[in-house]
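Shared chain: subunit A. Partners: subunit B in the first complex, subunit C in the second.
Right, the complex of A and B next:
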């Protein structure tokens, strides 16, 4: 069933476009050192090349330190998308594991996990993460991944738990049990593949939540620290020149919006594909 | 209904207790205290440093401080803000209403606009109105609030100078102005930050409301309503909307924590001196009682608002429609 859902998704044009944008962003991030026109931290001439408007020499212009904005955005993608991907993987793995555990074990395990999710989901995640990062001072990107990822598993856990409980009621699970499959074989061989599309929806939503979070943290000066570029701190550099240098804010904003929008479209179309597959069965 | 209310209140209390305990516990690992920059590393004698710390209770062991702080919290006292030289409760009394005004205005405006957009989309399902609004609402969801705020401030505020870029009101002796002028000035300053937040709310509401409406439009009672000769707008407003709005209100409640977080950034960008701005200032000053109070109150606002939306959803929705 899951295989057909993926085929449906591949046949869907908005999903292909969104997937293409995300892949392009990922490839640009990986290849940044080779495709960037300049060194992102190089300050060739802070007087003559300061705040140059976009031109053929500097497609996205230059910043107050005469650094090339395109190169900084490409290298920033490495950092921003790297942190986002890491945090997304962490939160989805954590969420899927806890959600599956709650559904399969039931009883007090389920009560604890569900109770925890109910309580924690009411917290404003952004504020808590900001408060923590601000208190502990400048964190390395690895700690950001742990903090952002560790605070984002709730939605995934909810989705996976609900899906698992739904599938546990179905006949194929009963059949597998009747044939003597153990609980964990059931989870690995049957349930996880069956709910994989839903986990992918959760992953896309997690990505869409995590990219702005990193950008917001770096934007208030708490996330990625200069000279390492990230989309958020490029924006921060631009806030002092709002009236004179639009390219400092518009390009990082476009980068964030495009990637987040693509992740959202992907989640949306995947959901439609899942619903279509359920109806077709 | 009473049982639901009690359950909700217990839930809210549990959330606040967990947030209070965990944030307090984590802050114990934090380096420094409000006196670190003023006293440490200077030639202030050690006994004077110790005396100042003792005066504000920073020399006590963490558990004892937690007991003090938690006990005071239960009595409704939030402690003393060393960076503002005032009781935290006083700081909160000034800042919290401003945040409530901002978030409240954004919620009401955003909800109305979002539902309106969804109605238009469903009325013209599949045509250009639907597509244009669909693209706009996708953009509104994809672009984080603080980025919209930055763009709005750049163009509407700094470049074209249509709206003020910061603060609660114009400088000058505002108390001498007539009341309506002061009100207009306040609204003029509120307009941009509230509109930016409202845009985020409207986009989310519109996307959910459109899906919910389209789900309801397939049902038999809609065909009945059409068959008895009702116009399409009557069908939408009197039959489809009441059956599709409940889950959207409930979903809005779920989105509230992130709205409160977004509002904090908007406050920072627009210099709106509410709880969000207070939090950032307190973090810079390592003023932990104020940090704790700000995080706790933000959580409380989110929880209370969510409880309210749940209750409204129960009252408004005759039955629950599963959201696609």
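Right, the complex of A and C next:
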């Protein structure tokens, strides 16, 4: 009967479905080299097998270079979801750490972090990333993670700082201090567990923001470079054939929509679960 | 006998805009002594309790000294002061529901006190916690330890807070209205428990309350706090028989049966 946020989430059908879709996508991405029917970069016959419509041989059809689209989507998931997950982890970790630091230390540390957030949050992220890529040339997936993750920590930092400050005012924190808990023990044992659901919401929203960001960058040719497939550059390969070969456009867009939609549903149901837990006590 | 706790000319300002929260408060508590602090709400009781542990908000300006274990709790370095809390001086709060972490099992919260003071063995800490919960009168402590605060009754929660405060056998317990949030029968049980545990351990106690009945049945000596000043500090029977200060008399008369006035 003691249902905390996580137990509520597990009992929620939309959340389970969304979680299932994301898990399936992640598993497919990890297993891509073993479950893909073809080599995603292999061009077996650029003349005869060019732009073949979906069939039993090629479930998602082939692209202008005769490559198998399903294999490219699966390998693209590795890159797209890998970059998204890495950037999400980086931004949430950075945001939680800096937000916690600002709330707990207060004083000038708080001023610096809060000021930095206020300034950086006004920056248009996509334009900044484009400018950096234009300056330094195409980026490897690792640099893309650093760039996207490093610019995405602001909202998490804000949320964690506000939640920490709220909890620091509560009597149970004072009571814990009255029995000898140190500042960092409070953070570790009381405050972080208290804000973990909110951080998870921020993480789901970050994922939902980062997947299209990477796709957009790759689509305009500034992200993942061919022949390495990503959902964005698969779409790029298909734009010239929009009217004649629908499968080149529909499948990568479906992949982005399904994963982003699942992340958004998860964030929403998590919020509902948090509210439910707050009401219960 | 040297005092365990001695408060010397303690002054707590409220930032200049209004009257000070505490003004020129001095008293001492010896080993094993039980002292009541009686006062209406707003008399500065809770600020006094928090100042003894060095837990006042930093925005408040303090003067004077709070000497505990030979150290000034108002000045001592944060780390050293923290080490005394829970181990040498403990506090229980008025409202056990808000004083407990809502999302942590109560056994873990008791064990956490030992962990915060360097116990590395989690299982040993948990065994100690269950044992302490049992001694604090929580029936079926082994399974109750796995409950969350909102699954327990008010009286049970207060027993959990007591178990936390007494786990490391402190020399002084500061109890801030420990029974005010409880109904009368539970109140009596918790007070009885407090007296028993205190006697077992030879622990000193500072019992802060607005309720003369609670203090009269528990404390050998009583201080009356009014508008941030100690207006009376005397043996409890003496206070009950002949209160000197008008405020003390008002508090005594409030509980004395009508027609038996001094």
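Everything that follows uses one rule, which is that the second predicted complex is superposed on the first by the 278 of 281 C-alpha atoms of A that agree within 3 Å, B and C clash if a C-alpha of one lies under 4 Å from a C-alpha of the other, contacts with A are read in each partner's own complex, and residues count from 1 in each chain.
As a convention for this text, a residue touches a chain if its C-beta (ideal position, glycine included) is under 8 Å from a C-beta of that chain, and two chains touch if they have at least 3 such contacts.
None of these values were measured; they are calculated from a predicted model.
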Residue contacts on subunit A - larger count, subunit B or subunit C: B
Partner chain(s) touched by A:181 [first = subunit B, second = subunit C, both, neither]: second
Contacts of A:4 with subunit B and subunit C, given as first, second, both or neither: second
Which superposed partner A:265 touches (first subunit B, second subunit C, both, neither): first
Subunit B versus subunit C as contact partner of A:194, first or second or both or neither: second
First, second, both or neither for A:279, with subunit B first and subunit C second: neither
Contacts of A:121 with subunit B and subunit C, given as first, second, both or neither: first
Residues of subunit A that touch subunit C when the two form their complex: 1-2, 4, 170-172, 174-182, 185, 189-190, 193-194, 280-281
Parts of subunit B lying in touch with subunit A, wherever the complex brings them together: 11-12, 14-15, 18-19, 23, 26-27, 29-31, 138-139, 141-144, 146-147, 150-151, 153-154, 158-159, 254, 257-258, 260-262, 264-265, 268, 276, 279-280, 283-284, 286, 291, 294-295, 298-299, 302-303, 306, 324
Of subunit A, residues touching subunit B in the complex: 118-128, 130-132, 134-137, 208-209, 212, 215-216, 219-220, 235, 239, 242-243, 246, 249-250, 253, 256-258, 260-261, 264-265, 275
Touching residues (chain side subunit C, partner subunit A) in the complex: 50, 53, 55, 79, 82-87, 90-91, 93, 95, 98-104, 112-113, 116-117, 147-148, 150-151, 161, 164-165
